[in-house]
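What follows is a group of structures, each given as structure tokens.
Two complexes follow with chain A in common, the first pairing it with chain B and the second with chain C.
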Partner chain A sequence: MGRYLLSLQRFWATALAGQLEYQANMLIDLLAMVGSLAGSIFVLSLFFGQGRELGGWSWEAALVVQGIYTFLDGVSSTWLRPNLSAIVTHVREGTLDFVLLKPIDSQFWVSLRIMAPAGLPEMGLGLVLIVWAASRAGASFSLGTLLVAVLMLCVGGVILYALWFVIAATSIWFVKTWNATEVLRAVLASGRFPVSAYPPTLRLVFTLVLPVAFLTTVPAEVILGRAAMQMLVLGLFLAVIFFVGSRAFWLFALRYYTSASS
Partner chain B sequence: MKIAGLSWPVVRALLASQHANMVQYRAEIALWALSGVLPFIMLSLWSQSDAGASFGFKGVGLARYYLSAFMVRQFSVVWVVFAFEEDALLGRLSPFLLQPLHPLWRYVAAHVAERVTRFPFSIGIAAIFFLLYPTSFWLPSLSQFLLACLAILLAFSINFLLQSLIAALCFWSEKASALERLLLIPYLYFSGWLVPLAAFPDAARTASFWTPFPYLIDFPARVLAGLPVDFVAGFAAQLFWVALLLPLVLMAWRAGVRRYTAMGA
Partner chain C sequence: MRVSGCPIWVDVVIEVEQLSKTYQVADKTPGFVGTLNHFFRRKTHDVQAVSHVSFTIEPGEMVGFLGANGAGKTTTLKMLCGLIHPSAGMVHVAGYVPQRRQAAFLKQITLVMGQKQQLIWDLPPLDSLSVNAAVYGIGEKEARYRINELAEMLEIGEELTRPVRKLSLGQRMKAELLAALLHRPSVLFLDEPTLGLDVNAQARVRRFLAEYNRQTGATVLLTSHYMADITALCSRVLLIDQGELIHDGGLDELAASLSPFRQVRLELNRSASPEDFVGYGELEALDDRAVRLLVSRSELTVVVARLLANFDVLDLEVNDPPIDELIGSLFRKGRVV
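What follows is the complex of A and B.
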């Protein structure tokens, strides 16, 4: 365990040092982040006005969902996107060989090797939006709800990770997968809105098949103090299934890894 | 006869080779087609909300708008920046520059060939859409269809020129794709890709018509869907943006090639 923590520390320190060489890129990332949040709040606002609600969510409550989406998007740009797109490169260039030879778990290595600090401000902005909107929506922050909210955010993070990871791992067969991740991104964008705003069939899909509901809506419900117990249990259950599934899939995929040019 | 380095055999050879290249990546192109599902997600949201009623967006018209937006994007999406950045960084650009053909034509051919390969997948997605929403089925009249084709072609041209302009900046900075990400944001929100411009508050709509973005999706989609639209103003604006961007691209390109140092080649 200590070895893994030490590795993690080294991974991220070197990644940070590498990224800080590109300061102009950081500025552009920051601008892009503010712009896309402003745009998506603008789109959300079009659904409100004149006392209207979106799937039973008030404007402030829907902003909490938006904040959680922003936070998770920051998590994906900090860890998921850079690491998992690197898997594709490893497979194509055959450098996955070197990863597999290291005396450390390969899934751990490929999932957490890189950290792109560009996503950190987005996570911060998401948190600010969550707290601000939740307090305007009349949420009371007790230690209990806070703990459950953090737990459900972790559940969302794990499900998100597993979805990304499984798609990235298919690169062992298909080599190029970054357009599959584009499809995933497009579908995940549905998490910007509370799941109850969708038609019933889509709601079912977003709860059970592609559990977008557990990424944003359920944590928001916890924060607003209106979560149903069975959803929390279902979320935990799905997170475990997805994580174990991603692990099993990786081990399965590795059996088919034949290395490039050999 | 040669126009801008193009002659008939060159066109044929370019298209044939690029098409052969694209056909290899059919699965990938199918996924690209699928990654444009966002309008359908937005449509399902609007269909559940009564907010659309206030600006006359309800039911069949809205469904047709979003399907048209999807189709327009299928045929006007451009990735010159990424292809060019890779070519410039890997030094593949140098042999292209030696040929008596403007390298941008190569990218044009790649896009045209990709459209041909993508076509069946786009149609397939549209067919599934009609199966799910049978009431929204429509076939545009011939004149409508031709006008829509023209609008989409112009939208593609504006898109292509905008991206080529950014791509030309690769000559000065190695990371032009970061700029493309900045451009993508107003594109997402002002083009009508997520929300038809009719849903915007008046001030935002007026402001967005000063940008090229509404003419990339909203205008062609309205033409294709048969929604009320000002044809003259729309086509005039599209032509204006092409006329503005084309000389800029050529100038930036010429200045850039002079700076080009064939790094890595």
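What follows is the complex of A and C.
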């Protein structure tokens, strides 16, 4: 375990150092992040301004969903996007060989090797938005709700990770999977709004097929103290299934890895 | 024989039996119609990359692995590392089944590829080395000691603190070797480690590998297109052609198995004409009094006796044709006849 923690520390330290080599790039990343956040809040305010409701959610309550979405988007920019798109490069250039020959879990390596700090402020802003909007919406924070909320955020993160990881892992056969991850991102963008804002059929899809509901809506419901117990259990169950599934899929895919020829 | 997957001391470090690998390759005709056909009705055929290869390697041996491009060298090497699952046959390396990729196995081997690099491009090699040290569970002090030791052998120093992208190819290869050997592997798989290096850098890498082998007793399996690498380092070679192992033995025996002829050089007292040598073998060159003949191995003693009897010979020398010429002609033909 200590070896994994130390490895993780070195992974991120070198990733950070590598990115700091390019100052201008770093600055542009930060600017892009600020722009995207301002844009999404603006869109949200267009859709339903103060006093209006969306699928039974008040403006403030919906802002909690937006906050969680922002937070998760920050998590994706920090870890998921850079790491999982690197899998495609690893496969195309055959450098996955080096990862597979290290005495460390290969899924751990390809999932956590890189950290892009440009996503961290977005995570921070997401958290600020969550706390601010939740207190405006009249949520009461107890230690219990906080713990469950963190747990459900983790559930959302794990589901998002597993979906993304499986798509990235298919690059072992298809090599190019950029397009598939774009489709996934578009679907996940639907997590900006509470699930109840969508028509019933989509709601079902977002709960069971592509569990977008568990990424943002359910954690928001926990924070706002209106979560249904069965949704929490279902979310935990799905997270375990998705994670175990992603792991099995990776091990299965590696059997077909032929390693780009030299 | 030992139990598979069990790391016990063995007198055979690499054992390969009837190893085969078949790939499915898509057929595609060029042009738009070909592309459409390829998209809708994909046809594939099987390519036998490696076919029924068997050999064993003892600890501490340095073995050269020869073959033309696409002969199956790299595929075999990758099956030995556990990167590719064999289609059939058995592999054991250091007592393990490679494709299981157990941590204890991976700590004993390393793979260096001349065309791929594991060092982080934007950072000095020392940063990549610190990642490797953590991953292999090597303590900080021990890592520093090993880095110094290897750096001295490789003759690199301040290059380790310069970003990899600013290093020359030769410097980068040395740093790659350092990164690949930090965990002190006992089995080294080297795939074209001197590729693209200039003659001096090649010689330095060669010297290092010989020294490393001598000091640590590590087993080395090396592929290279430069015959000089093989002749300098390996007394034993495996020659693979179209997926099949066609030679396993000493470098000197390779000449015998590749060429049924030996080269006879004569220096005569008087000048001779080509007609004089009809019936002795194939005349390779004739320059006034210097003669080069290719004589079949089985008739060599008879022919040499006749030459000495019939000509006024000042000097006579029997050689194998140069090994790199033989291999070169083999690679050009793409197939041994």
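We take it that the second predicted complex is superposed on the first by the 258 of 262 C-alpha atoms of A that agree within 3 Å, B and C clash if a C-alpha of one lies under 4 Å from a C-alpha of the other, contacts with A are read in each partner's own complex, and residues count from 1 in each chain.
One rule holds in what follows: contacts are C-beta pairs under 8 Å (C-beta built on N, C-alpha and C of every residue); 3 or more make two chains touch, one makes a residue touch a chain.
The structure presented is a predicted model; accordingly, all values stated were derived computationally and were not measured.
*Asks:* Counting only touches as set out at the top, which of chain B and chain C does A:Val187 meet: first, second, both, neither?
*Replies:* first
*Asks:* Given the touch rule stated above, what does A:Phe42 touch, chain B (first), chain C (second), both, or neither?
*Replies:* A:Phe42 contacts chain B only, not chain C.
*Asks:* Does chain C touch more residues of chain A than chain B does, or is it the other way round?
*Replies:* The partner that reaches more residues of chain A in the superposed model: B.
*Asks:* Just chain B (first), just chain C (second), both, or neither: which does A:Leu6 touch?
*Replies:* It touches chain C, and chain B stays clear.
*Asks:* Go through the superposed model and pick first if A:Leu31 touches only chain B, second if only chain C, both, or neither.
*Replies:* First partner only, chain B.
*Asks:* Please work out whether A:Tyr198 is in contact with chain B alone, chain C alone, both, or neither, and reply first, second, both or neither.
*Replies:* A:Tyr198 contacts chain B only, not chain C.
*Asks:* In the superposed arrangement, what residues of chain A touch both chain B and chain C?
*Replies:* 22
*Asks:* Considering only the defined contacts, which chain C positions touch chain A in the complex?
*Replies:* Spelled out, the residues of chain C in touch with chain A are 23, 74, 78, 81-85, 101, 103-104, 106-107, 109-111, 113-118, 120-123, 127-128, 130-137, 163, 191-192.
*Asks:* Flag every residue of chain A that touches chain B in the complex, lowest number first.
*Replies:* Contacts found on chain A: 22, 24-25, 28-29, 31-32, 35-36, 39-40, 42-43, 46-50, 52, 54-55, 174, 176, 179-180, 182-183, 185-187, 189-190, 193, 197-199, 202.
*Asks:* Give the list of chain A residues in touch with chain C in this complex.
*Replies:* These residues of chain A touch chain C: 3, 6-7, 9-11, 14, 17-18, 21-22, 93-95, 97-98, 100-104, 255, 257-259, 261-262.
*Asks:* For chain B, which residues count as touching chain A in their complex?
*Replies:* Touch residues, chain B against chain A: 25, 27-28, 31-32, 34-38, 41, 44-45, 47-51, 54, 173, 175, 178-179, 181-182, 185-186, 188-189, 194-195, 199-200, 204.
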